[in-house]
Amino acid sequence: MRIGFYPGCSLEGSSKEYSDSLFAVAEKCGIMLEEIKDWSCCGASAAHNLNHDLALALPARTLALAEKQGFEEVVIPCAACYSRIAGTKQEISNNVATRKKIERYIDLTLEADIKILTVFEFLQKYIFPVADGHIVNKLNQKTACYYGCLYSRPKETAALEQIENPMEMDKVMVKAGATPIDWAFKTECCGAGFTMSRTDIVAKLSGKIIEDAADRGAESIIVACPMCHVNLDMRRPEIKKQLNKEINLPVLFITQALGLSMGIPADQLGLNKHYVPTDKVVTCIVKKEA
Amino acid sequence: MTPLQNKVAELFENGTISLMIGYKNAINKLAVPCFIDHATQVEQLIYTPECKGNLSVYLHKAEIKQAKKIGILANIATLRSLVQLTSENQLSDIEKTVITINAQNEVLVFDNMEKVEEYVQANFPEYTEEDKKLLEQLNSMTRAERWQYWSEQFAACVKCYACRAVCPMCYCSSCTVECNQPQWIKVSSETTGNLEWHTMRAMHLAGRCINCGECGRICPVGIPVHLLTAQMNLDIEKEFGSKTGFSCNSGYALNTFKPEDKEQFIK
Amino acid sequence: MSEQFEPKIVAFVCNWCTYAGADLAGTSRTKYATNVSIIRFPCTGRIDFMLLMKAFENGADGIIVSGCHPNDCHYTSGNFHARRRWIVFRSLLDFMGFDTDRITFSWVSAAEGAKWAGLVDETTQRIREKGAFTDFKKLDCSTFEKISHDAITE
Amino acid sequence: MARIGVFICHCGENISATVDVAKVAEKAGKLSGVAYSVDYKYMCSDPGQTLIIDAIKEHKLTGIVVASCSPRMHEGTFRKAAEKAGINPYFCEMANIREQVSWVHPKSDATTQKALDIVRTMVEKVKKNTALTPIKVPITKTALVIGGGIAGIQAALDIANAGHSVIMVEKKPSIGGHMSQLSETFPTLDCSQCILTPRMVEVAQHPNITLYTYAEVEKVTGFVGNFEVTIRMKAKSVDHSKCTGCGTCWQKCPSKKIPDEFNEGMGFRTAIYSPFPQAVPNKPVIDRDHCNYFQKGKCGVCQKICPAGAIDYEVQDEFLDVKVGAIITATGFDLKHADFFPEYGYGQFKDVIDGMMFERLASASGPTAGEIRRPSDGKIPEKIVFVACAGSRDKAKGIEYCSKICCMYTAKHAMLYKHKKHDGDAYVFYMDIRAAGKDYDEFVRRAIEEDDVHYIRGRVSRIYEKNGKLIVKGVDTLMNGDPVEIEADMVVLATAVIANQDAETVAQRMHISYNKHHFFAEAHPKLRPVETNTAGIMLAGACQGAKDIPETVSQASASASKAIGLFSSNEMTREPIVAVVNRQAPPNFTSCTGCMLCMEVCPYHAIEREEMKDRTGNLIKVAVKVNAGLCQGCGTCVAMCRNKSIDLQGFSNDQMLSEVMALLNS
Amino acid sequence: MHEIIPQHPAGTLKSQMEEATGVIVSHCYQCGKCTAGCPLNEEMDVRPNQILRMLQLELPGYEDKILSSLSIWLCLACDTCYSRCPQEVKLSQVMDFLRQESIRQHKVNPKAKDILSFHKAFLDSIKLNGKLHEVGLTIDYKLRSLNLMQDVLLAPSMMAKGKLAIFPHQVQNTKEIAKIFKRISEGTKE
């Protein structure tokens, strides 16, 4: 079966390493991902603030294209894109009038019956069955799995079983030979779309997250959302000011961490693109015992 | 003498039966029921493809019941009605021997209902091709077309009640249609009354009719009334999984229920 | 403005749930259409399908049949038996080409006065849109015509 | 020839405000068979009834229709009036033109017409009515009490003290219920066990009470006055007739690490155990799921050491059939546990506990001997946060109702904590304080004013653990919505009161109704609050809805009085609304053909086989007959019968069809 | 960008909001759990539960107070409030509506101008390219917000790390996206 892939804007820009590492892992396991042709932005954190129809029309266009191109499943690794597109799919399939209206706006028809996979579901479904043969390393470190808002809320589109204490990413990390810690900020907000407009808020919220992870002995934070990554990784100077101390806790995408356990070189996974140095993560790694 | 005649003669002679219900020849090669009470009369007995009538209907007649030991020649539909009637406690007081002729033309004699049941289950009949086709046609019509179809059919009904008379399942000693306190169904053969009669008949037979098709065959004005119950049986089997004339203690689809019966039509 | 068609609707309801629910609609002063009149049965299990036929024959435009929710039957299982009977009856009517949308089946509990009122209004509106029930009347006329037509042609 | 009287009631203005009563009376008077028609202000009043009685006598009426309120309201009243006037009471029918006409429709011609339609319908029905005589049934003067909590105990004692026998069935090894677990009781703070245990002992010793513990009701058939109940006596594995309750067995039992239910899992018990020291009966049972002998096939210590030789591993569940006249359902409730709350940690924080756990911590007989110590490390908490409405009034979690007891027990908990730890801090997050009982609000005020408990109005959004503290993130809506973050040592959730897990099964077994939360339904929320819709089955306590102890005890006594009332005579009269099989002259005897398909639909097994024989004993016909004692009059058999051989008195085919015809043909 | 803000039928703010979002404010019983869980409750001038309270009561002056509040712009749409709300009030949708209405009525809180500038710049980027162009967005945002010096130090390093592309990725037919914007802005005027 062909598996569709929707990168979203971030994965083409500030979070290129997320998409690089996802492809590296998929390739390692012999899974093909096919980018949806001519996809457009989902509207992300902005559109819904200004116009509800626009916030539906933008994701709907991509859904319609994916359907037209014959995909039954689409992997959406970005949490924001996932949330927007899954929400749109739901609203459109629940309400015929809305669907008709949106179809008129985008000048395309759609069924909204395509299956949307989060990165967790993708890993679970396609990578897990074959992963054991490819995992050669043990990450050998304590990781704080950070899920953020958009996978856990709102409940209509939540992709996690326990929305207040999700375990999906923790399971992946156990597979990769890491020890996920139990901590309090798994699903707290990082400041999301305020990354540029209200850096002070981002610093405050992300600061709390990093501090709690560090306090509980995490050696790395694992994320599955480009926005969370930007806020936790790039906004360190502001966070340092906010916390009045420097915490050098590296932030990895889930696919990067999994890639490391599969022995994929750090550069290929884009670890060199991070602001917080990731050397410590790499030095912890040991060979997996046979 | 045919094997059938030999067998029946033997049953008379060894005292297994004192009355035999079978078929004999009539004009135009038709087969009509015959009742014989002595081995000497067995030569009348025939069994041809024309022997379609359901003889079990006679088991309800007081005159027949008086005979102590009854032999009955049964085609598959008759066998099914015997099974169904047993499940409805209608044959408990009759000592009967059931004779049938299988596809290999062998004469089989059953002295108890378990054996009949076993034979029926092994040779359970399907709907005839003709009935299947008719049902398909009707089901592919629009609702309004079906209404039109049945209205025209029922308009022809003369309320002769032949459909009731030939039905082995219509064994009530008095029928609701004859009940006049209150008067449920108009006596005259006008169309609403006809519709009510056929609706009631179909409802009373739904889940009990054994698809012998006699009612449709006998109708003097050619109404395919058997299709109503045939369709109901299909629906009931689909909905509740029960078959009629299949088991002597299978029960009746309409006097039982499952908590999970479908109810999407209920608001 | 042409006068709006006001259908006659008969409700066959059980005493314990729906009748009590309808009473509750009354005690709560919930307003609903006047088109529906109730006939009270001890239980939905008591409702003979022939009564539904007679109601249509006598000029009802629509029918509501309602009782206790599954597992709530005052008599434990009357509503379950009724439900089976309705399943079969509906499918027979449908096979005969009868418009089963003229019969509303429902569960209304003694606590659902509002549901009852809503059900009455919704059914009334639906039947109003369908118009008067004439299938049975037409039946008699068409027979008459057919007979006279046959008589003439013969 | 029928001579029917029609009596149209104004019900003050309840009917006459929207229905033109005079017109209805006038038109009704012209209906065929109607000999008299009148309207009047209040038919149910004394003068109204007198009017009816006089009219029946004066106009020689054979039947009457009273058009007024719902028959569920006043059918009895008017039937009695009819009887007083000398006609059979079943010749009286009511036309419901209040609940189903005047109250639901505006004043209009259509409304008046509908009222008239209904009157006409009932006139036609009454013409078809027949004289019926009430049925007398004997009463078994024994009550079954299901559940041995405070509700069951109270009901059983009341009935037993009135001189009737009682059978009490309790599913646990001891009676006492939730009340035996409580520390102190609001609003007086007296010790729960001190007031309860004497009553438990009284039950055990009462000559009129037979107590079956470790037993469950398996099946209920029959009807008021004549229930047949099958009780499953679960295998105790200990012969209580031999056991002296010496306790040697549970001291020696090697399986010692079984979470103790009585202490809400905060302690351990053995596999052979008596749930608590004051248990009644204070004799052990073996919990086979945790016993080495039953699980692994070896051990047998208790059998070896039992001085009385009471241990019996072979014994199986036994079934006991009893006959009772009334049943009191007092099966109690359950509490939601802390693991119900995602935002409060899915139960993974040991120091986030529920109210019942706090009761055990505060109880002198509890796992900490009454010292309030937190479960994780046994430390005495410096700061406790109490969260009210935890799960209650929470539509999103499926429980939209108020659990009623939490406001009071939370105040009690905070108070008990402050009494034991004077310098501790107690915070209560609440939404509303519902303390509407006698001395209740005073009690809450005392917690706030005298014991310095801090009440914060707002709900807690999240609880998480950090450095051994529980961080409680709440809000003070009285302070402009300012966030409140408290680092607590322990959190007590006042979790919701819910129905027992098996409540639905119990209800279905007894044929009583229940609401969507599986609380059992009373026959009428105001006027029949302790009876169920099934005659002879009463409710007591929290199985009907959340209740505190005083309310539970009152309801238990009320249901006991219903049973005692029922037992006050040797037989009771029942409505003659029963099915009958028609009779005809021989040789037919009846039109019933004996297909017996009706037997299976009857929920009461009231239809029996009947054999017609001739004088010499030859079987002529097999048909069915109805046992009027068992028949409850649902009429399902009637609609089943193909040739109308069976009919229902009071709702006969003739009557129902007449109603349909009359309603539609004006 | 103003043209894309939808028009709402006449009525009070509450009735407009209820019609547009399907949220019923009377469901809120003011327990405050939304505020308790809000990551930004300390920054907000009007707390989430207070916004609902003001919508419930509809007293004079409340509408202005809501629409010119900073809170509605601070809401991150993280949905923590809704996911824990016992009465299932979808506050994030209320906030979406209030933001739109605040723009429409020209009542945007001056302190929110940066946030609004960012949203507008974001959408402009999509309108132009079909996808978000982070460099373009940043420049656009800086021009709108006049925060010209913010993050200037980040940009070169981002480019060096391959995180910023100077030229935008574009969908094949950018006109299509512009058309969607146009249809919606026409649609909102209907």
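Read from first to last, the chains carry the letters A, B, C, D and E; within each, the first residue is number 1.
One rule holds in what follows: contacts are C-beta pairs under 8 Å (C-beta built on N, C-alpha and C of every residue); 3 or more make two chains touch, one makes a residue touch a chain.
Predicted, not measured: the structure shown is a model, and the values here were computed from it.
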Which chains contact both chain A and chain D? E
Chains still linked by touching once chain D is gone? A, E | B, C
Per the definition at the top, count C-beta pairs in contact and tell me whether D-E or B-D has more. D-E
Report the chain whose mean Cα position is at the greatest distance from that of chain E. B
Centroid comparison with chain A (C-alpha atoms), farthest chain: B
Using only protein Cα atoms, the chain sitting most centrally is D
Averaging over Cα atoms per chain, report the distance between chain B and chain D in Å. 50
Between chain A and chain E, what is the gap in Å from one C-alpha centre to the other? 22
If you average the CA atoms of chain B and of chain C, how far apart do the two points sit, in angstrom? 33
Where chain C touches two or more other chains at once, the residues are 49, 54, 71, 77, 81, 85
Can you tell me which residues of chain B touch two or more of the remaining chains? 176, 184, 254-256
Any chance you could list the residues of chain D touching two or more other chains? 343, 462, 601, 640, 653, 657
In contact (per the touch rule at the top): chain pairs: A-D, A-E, B-C, B-D, C-D, D-E
Contact footprint of chain C on chain B as seen in their complex: 138-139, 141, 143-152, 154-155, 176, 184, 190-192, 195-196, 199-200, 202-203, 206-207, 228, 231-232, 235-236, 239-240, 253-259, 261-263, 265-267
Going by the contact rule set out above, which residues of chain E touch chain D in the complex? 29-37, 41-42, 47-50, 80, 84-88
List the residues on chain C that touch chain B in their complex, please. 49-50, 53-54, 57, 70-71, 77, 80-81, 83-100, 104-107, 119, 135-136, 138-140, 142-143, 146-147
Spell out the part of chain D that touches chain A in their complex, as residue ranges. 342-343, 345-346, 348, 462, 464-467, 471
The answer for chain D against chain E in the complex is residues 343, 389, 393-397, 431, 457-462, 473-477, 480-481, 483-484
